[in-house]
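Following are the structures in question.
Each of the next two complexes has chain A plus one other chain: chain B in the first, chain C in the second.
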Partner chain A sequence: MTRRTPHTLYLFAVPALALYGGFFLLPAVQGLRYATTDWDGYSATFREVGAANLTDVVSNDDLFRHALTNNLKFLLVVVLGQTALALLLAVLLAARSRGSTLLRALFFLPTVLSSVSVAFIWKFVYDPNFGLANALLDAVGLDRFRSAYLGDEATAILWVAVAQIWFHAGQMMVVYIAGLHQIPEELYDAAKTDGAGRWQQFRHVTWPMVAPATALVVAYTTIQSFKAFDLILGLAGNPPRSSLDVLATRIYATFANSQLGYAAAESIVFMAAIALVTWLQNRAARLAHG
Partner chain B sequence: MARRLVLAVYALLIIVPLVVIVGGSFKTTQDLFAAPFGLPTRPTLDNYVTVLSRQNLLRVLGNSVLVVAVSVPVTLLLGSLVAFAVARLPRWPSRILYAVFAVGLAVPAQAVMIPQYVQFDRLGLRDSLLGLMLVNVVVTLPVAVFILAGFLKTLPAELYEAAELDGAGPWAAYRRIAVPVSYPSLAATAIFLVVMHWNDLLYPLLFIDDPDKRTLPLALLDFQGEYLTEYPLLFTGVVVASLPMIVAYAFLQRHFVAGITAGAVKG
Partner chain C sequence: MTSPFLRRRDLLRLAAGAGAASLLAACAGPGDSTSATGGGSGGGLTGPREGDLSFAHWRAEDKDVFDRIIKDFRSKNSEITVRQDISPSNDYQSTALQKLRGGSVGDAFTAFRGAQFLEVAKAGVWTDLTGQSVVQRYEPALITAGARDGKQLGLPYQLVFNMPLANTDLLTKAGVSAAPKDWDGFLALLEALKGRGVTPIAWPGGDAANAGQLLNVMVVNNAPTDDALGKIETGAAKVTDDWFLTVLKQYQQLRPYFQQGATGTGSDAALALFAQGRAGLLATGSFQVSGVRKLGATFGIDLLAPITTTADRARYEGVFNATFILGVNAKSAEQPAALAWLEHLSDPAVAGVYANGTAQHVTVKGVEYTNPDLKALAPWLTRRTALAPRFQFANLDVRGAVENAAVQVVGGKSPEEAAEAAQKVIDQKR
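So, the complex of A and B:
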């Protein structure tokens, strides 16, 4: 027996579709139009410039290119560092005990803070004169490694990546712990019977068995770090300092500088870049896991 | 042994900065720089008085509470209605409806924020808490739909059919069956949305000009401009902005982990 679906069911989606269509999908389409103009955002008039904005963004905008380079450095450090750290912590805390429950809660804690709060914490850690990082180096007699951290143009973005990892590693640890709990205990028993040591157990049982969790962690971390905005703005100050520029802050800066049309063109490239990164990473995951 | 060492080091990496921040909010600038790790020699509440009065932080706190208190229930209601439709509609209409919201998951806020800014400005919704609530609902609806539909789709159709045989329409099935059974999922989504809206900086930064309409993250960001390296004042702002979330996390830990992780994995 099949019953007809009541038409009233469609009405359930109407309020959400109206708001989401009107205030998300519609502006998303309008953005394409703004990108072909030199509009500043408030003047009554503007010129049509066609694809000029887009070609400028792609081919001769040094600030944009610098931001993109920073994005890629940040992405690489965060994805590698955060995935490795999250897996390490998960392996160490997967077994249930009072202590591990407490530590899991502690490691997850930074995730509930706001990006601006995390930015201030790390601003103080990195302060070249009064900061915790240099104070710690002094305390253990390693003061020759003192650094300017965020003040150092070439490496500033990498220190932001460290802050980002501190911020979200606990979140990804939880995903890994869920993955670890899916592994049947017998696999480890079998490996032990075969005389596998701890490292070999990890290499031949844990690592292949958490592949789906790894794919998830890498996918999410990739997107999250490519879109990072709040934390970087908090550390760079408003308006953002250019050594810390990534695409998201660059678009915001262009927009704040009343180049609305150009900023819209930058957003299109940004979106295309995210799509490309996601696609590449899906390809890589598929190749890696057959 | 190595296990304990690694865990202890990482625990310190989390705890030490937090202790320094909280301790620092009770110190003078000189005290903080002289001994960042030490207890405050002469603990002072001056920083709290300063940020609460000069920055009008109570007002800001109220704004944040209001924005979250309105945006989250509205998003949950609209999202769960869509999720119910997705779960109950025939295959193709369901897929299309779902795909429309999936677009919102793929498109980053930065790609839509500029035209949204223009649109909200024209409608007189910019620089208002109402506009902020509206944009919050709109940008998080896709995640809510994703989580809630994901849950409802796993339920057997018989559950609803039993109710419908008794003559109940979809509205009754939604209210009497779908909502009650999805409480855990709704709770997880709610927590994800609360954390997300409470901590959001992007939209307040774009939409709010009036200092009286700022939310906490925006007010915090303004501190930086105002106080630059007066860390005790910055730390005080961090404590005020974070304390409600940390207290809630202490009591609802498991829900927080479930909510943020579900949102993350799906968002």
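So, the complex of A and C:
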């Protein structure tokens, strides 16, 4: 005989469902609805435009295309750079010693700062006339490499990516350290017995064993890269120029330009882009692990 | 086993019904039932002058002066309190309208001339001030930027000159005794400053809000008509037209005279270069004079706009803007108190406190300027200046595309290429 759940217990799910419906489902459906209009965000009247907004976003909007390209560049650099740096730091600082604990804390420190503070720090670093980066180049005699950094059309978004990596690599390092501590020492002992050097130990033991942590780091970093809204506004101003624009800031700029219907259409494409990147990452991860 | 209160089937029905209702609600068209034709009036301007006011603006640097003015206001209006709600200028440009529409922020508020003024009007957030005695306190010619469809919706308060500041000490040392009358003369002035080992022009090319100020003076004499930038937005003119290509080519000529990394320089850094005497000109506007002084600059300051044509073709000596448009929020429940606050600000003595305390001219009649910099710049009040054309743009993406073309040229792109790219964006966005 099985005991059945009293039906009144279903009522306990109602508040959560109501919140989910009111604050997620409803706005999501509204977003779809707005995307088919030319609503400015405040007028009582609007025009139905069908799929015209979506068509324009996809095929006739250079600003959106620039933002998408920048976002993908940013994503690639941050995912690769941040993952590699976090893993390197974790491998170097995995040992439990006072020195490594201190260094871990030091590398983790940027994570606790607000995006605005980080933007302020890196604005100072990148300032072409008073900034730390050019001053350092001058100091070591490499002044021919001086740059306008955020003012350089071709590389501006990459400099923001560097700031983002500095901001979050320490956080990902902690994830990797937790993963490294899960690896049984016996595997390293066996590898050493087989004559494996440090690089071979890393390649054949550490790297496969931290795969779950890598998947987590890559997924989290991807989400962070799409959410780098406040850091970019802090570094590039509002609205950022096209060389620094990413999808989130572009949608915000469209919204601020009183084009709510069009901004809703941009948001739909934004979500589709995230879904596609996530799907590609999952496929890549599956292929990588056989 | 059944519940005495609710069966599972009932619960599912309830959830399905609520879900369907929510989806239907979500699928309803956007917009609301209120009119948004501009100049609407909520509680009305008459009634008891009392309450807690929010005064929304973007001038953080004016906070202390406003605090003094508020203290004076409170001594005369003990039933009204005033709180300053300040946002950075770029954020204010983007978000103020949404906040103001709620009515909880900005019982009295300010707006930028151009796109923001028009959007606020379209949303019906201005209260019509036509016929109010406070309007009579302003120079009529200087408050047209606050009028629309025959109604005086707002009162432009600041009178600023959107043209380069000049370090007159450095100019004298470089042998420049008078402002050049043509483009060649201006380039010669820059060369003379460069010869003195200083940066001829500090330009905040990395800060979109201030980078575009230079465009005002680069355009006014080159443009075939005063509304040429507005025509770019409507499609009646193009940035690939000869006159705008001339503007971009002149930006190209200025490249060697800007500071290093000009396209990545922020406003604070450009201000510092000028204030430290390391740059002869600062390509922003008179609204930064007080900032320069706060950094300890003691040299003489004047305004100096490049004349971008030959002397005989130059129609204007510079550019001005009437902005910081004061208004009463039509959605506010404290409109009589907000009007009292505007009346206080419009008192010539109080406007004088604001002007002299912030080193900015105002549009209020009969103000006595005692600040030495304002006195020095006072001759510009009567010179041939054009209303800043940059604010003719109502679409911020179009404005961004045009201004970005100039930044790209300074960054090394060819004028033709930058113009083509900008025109493509304009065609897509207008």
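Quick note on the criterion: the second predicted complex is superposed on the first by the 286 of 290 C-alpha atoms of A that agree within 3 Å, B and C clash if a C-alpha of one lies under 4 Å from a C-alpha of the other, contacts with A are read in each partner's own complex, and residues count from 1 in each chain.
Keep this in mind: contacts are C-beta pairs under 8 Å (C-beta built on N, C-alpha and C of every residue); 3 or more make two chains touch, one makes a residue touch a chain.
Being a predicted model, the structure only gives us computed values, none of them experimental.
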| item | value |
| --- | --- |
| Which of chain B and chain C A:34 touches, first, second, both or neither | both |
| Partner chain in contact with A:61 - chain B first, chain C second, else both or neither | second |
| Superposition-derived comparison: chain B or chain C, residues of chain A touched | B |
| Partner chain(s) touched by A:237 [first = chain B, second = chain C, both, neither] | both |
| Which superposed partner A:93 touches (first chain B, second chain C, both, neither) | first |
| Contacts of A:12 with chain B and chain C, given as first, second, both or neither | first |
| Which of chain B and chain C A:176 touches, first, second, both or neither | neither |
| Which superposed partner A:167 touches (first chain B, second chain C, both, neither) | neither |
| Contacts of A:260 with chain B and chain C, given as first, second, both or neither | both |
| First, second, both or neither for A:74, with chain B first and chain C second | neither |
| Intersection of chain A interface sets (partners chain B, chain C) | 6, 8, 10, 17, 25-27, 30, 34, 41, 123, 127, 130, 237-238, 252, 260 |
| In the complex with chain A, residue positions of chain C that touch it | 1-3, 5-8, 11, 15, 18-19, 22-23, 25-36, 88, 90-91, 93-95, 97-98, 101, 119, 122-123, 205-209, 259-266, 269, 272-273, 395-397, 400-401, 404, 407-408, 411, 413, 421, 424-425, 428-429 |
| Footprint of chain C on chain A - complex, ascending | 4, 6-8, 10-11, 14, 17-18, 21-22, 25-27, 29-30, 33-34, 37, 39-46, 56, 60-63, 123, 126-130, 134, 146-153, 156, 237-242, 252-254, 256-258, 260-261 |
| Chain B residues within the chain A interface of the complex | 3, 6-7, 10-11, 13-18, 20-21, 24, 32-33, 36-37, 78-79, 81-82, 84-85, 88-90, 93, 97, 100-101, 103-104, 106-119, 134-135, 137-139, 141-142, 145, 161, 164, 169-171, 174, 195, 198-202, 205, 216-217, 220-221, 224-225, 229, 231, 234-235, 237-238, 241-242, 245-246, 249, 253, 256-257, 260-261, 264-265 |
| Of chain A, residues touching chain B in the complex | 3, 5-6, 8-10, 12-13, 15-17, 19-20, 23-28, 30-31, 34, 41, 88-89, 92-93, 103, 105-117, 120-125, 127, 130, 132, 135, 166, 171, 174-175, 178, 216, 220, 224, 227, 229-230, 233-234, 237-238, 247-248, 251-252, 255, 260, 263-264, 267-268, 270-271, 274-275 |
